[in-house]
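The letters A, B, C and D name the chains in turn, as written, and every chain counts its residues from 1.
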């Protein structure tokens, strides 16, 4: 099976998630001065954060499938599973943003990110199982260090959220920055071959 | 006519249905503890179920059109007819989920699934009529056993919903599991040719 | 310029219009019997009508661009103009459906259909101007009889809406049926060449 | 890396922004005469303006990527940055439209347009850095006069909004008209090569 439709469908779902999220910021009806915008500051920041996170996943998804040659049923379902958890990001961000990073909402946010990271990891495994250990995508991915370390970071952040909201939040930002750096490994190795 | 735009349009419509459905889960405003999340449990489960059902249809649509060579006006309209019934799934799921699987909502849910199954069957017929009995897609599809048995199951479930909500619900889950198993027939036969 | 992105963008916009429209049918909160569904009957029928209309435009758009070889700036803007009027269909349908085909809402509905028909006509002209009178698309389109007669029908329907809602509504249905018949001319002539 | 998915994802996001914006015009519930439509006139005009602006960006994006051969991580992120600011256009337009072009909403509208213009400029730079000064896209773009002059215009309009709403609004319209003229430079130069 060719990968074209899986990419097109994923693009559609991720485009809707990332856009709807920003459009949910509602026009204030109270006034036309800066005071009317101030209550939106928290919501705006949390949407910027989620925009970056969803952008990161789209970017990595794009890099990953550059090296994929063909797909099968397992890859289709592993991809749908990833899209499901990504579609939970707006809910988790909204709850966390509205409640100023209270412990449970912050932990739920981390849980959704953790499930998305695990889903991405499963997707990578499904692709490697279909292409073999000596394939172009296996060579390009290497040890998948980022994928593994993200899961470890989120597992640490979950209990931390109930102790210090800053520590847990800091870990989320750290993971975002780590992923924000584009995966030059794949670009480089694809360029070589 | 090439099949590219039919696939792209279907991907767009299905991506919107599956994503909007999940985004309809609203952030709770009452608190930041587990009690605030509890009322969402029922809605969440019903959306997971619908996510799986829409995912199944996208998956089968993808498998089916792998083997399709060209489309005509009948196939375009049979496909739009399928998309129409799929777009009714969120409404039916929402009504059933909010009313804890009451008889009429559960029967309506089954009715929408029945109409989607019939629409899929009509789509398969339109494709076979255009490609001929000896075509690659006819060979790949075989007897279309799953399509026929689904219609039979739903016809049984409709009156059952008014007698036992568990029996009808169980049939829906059964059909979902049956379809969840990827259609390896098509994959296998395409691989051969 | 290639036509690929114009088709993809149009597919996206039309997919959103057709899907959002159906999703706007809200779950009833009053009960779980047939009486709870009855108030939705009018809204449901009007959405079915709009689904068919938008489906017709997508179908014709698809047929039309099959025969198009390349696009320019005028075609891009003529296409955006068509998409703008199509995006007004949900508003007009909603107003007409909620008010049981009252004169002004019914006339507004006809006005939006008229503007969409004119926009489609302008798009066809822009394509012919870019391809020339002897091109494949010019041969395939022939005299564009349907496009011209639709505009005439809508111009008749507008004043009629203030006299008899049945007459105006009948004209809308007539035009829909006329377009529902797939444009076999293009299919046939493309098959020949 | 090929540019296909970047184009598809951008098409998806821009299609959602442009469509959702128009669909936000709500059906009036007060009556079925012209008086019921009158309050919508302001909102309708502001949505038409935004439809044109988003249409311009899609058009220019399309023209720009016609000449692009390949993309890298920087281009992906520069593109996501542009999409982020475009996704703020509906919010800014809504606030400005509802408040009859009051100073602060009008300045915020200009600010969002300014950020989108800067984001487009950064995207062009990222593309040129990846393709080199002698590439086809560099030749096609020329001096990028429109991109630079837009930024200057918006910088003038921002303080003007607090002095005269007509002057600032006039500048926005002026920039829109300037961009509305299709970028024939790229079309012409691509046609030559």
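Just so it is clear, a contact is a pair of C-beta atoms (placed from the backbone, for glycine too) under 8 Å apart; a residue touches a chain by one contact, two chains touch by 3 or more.
Nothing here was measured: the structure is a model prediction, and the numbers come from that model.
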{"item": "Proportion of interface numbers common to chain B and chain C (over half same, under half different)", "value": "different"}
{"item": "Maximum centroid distance from chain B, chain identifier (CA atoms)", "value": "D"}
{"item": "Gap in Å, rounded to a whole number, between the CA centres of chain D and chain B", "value": "38"}
{"item": "Averaged-CA centre spacing for the pair chain D and chain C, given as whole angstrom", "value": "27"}
{"item": "Residues of chain B whose C-beta touches two or more other chains", "value": "8, 12, 16, 20"}
{"item": "Complex interface listing, chain B residues touching chain A", "value": "7-8, 11-12, 14-16, 18-20, 22-23, 25, 27-29, 32-34, 37, 48, 51, 55, 58-59, 62-63, 65-66, 182-184, 187, 190"}
{"item": "Residues of chain A touching chain B in the complex", "value": "1-2, 5-6, 8-9, 12-13, 16-17, 20, 72-74, 76-77, 80, 83-84, 87-88, 90-91, 94-95, 98-99, 102-105, 108"}
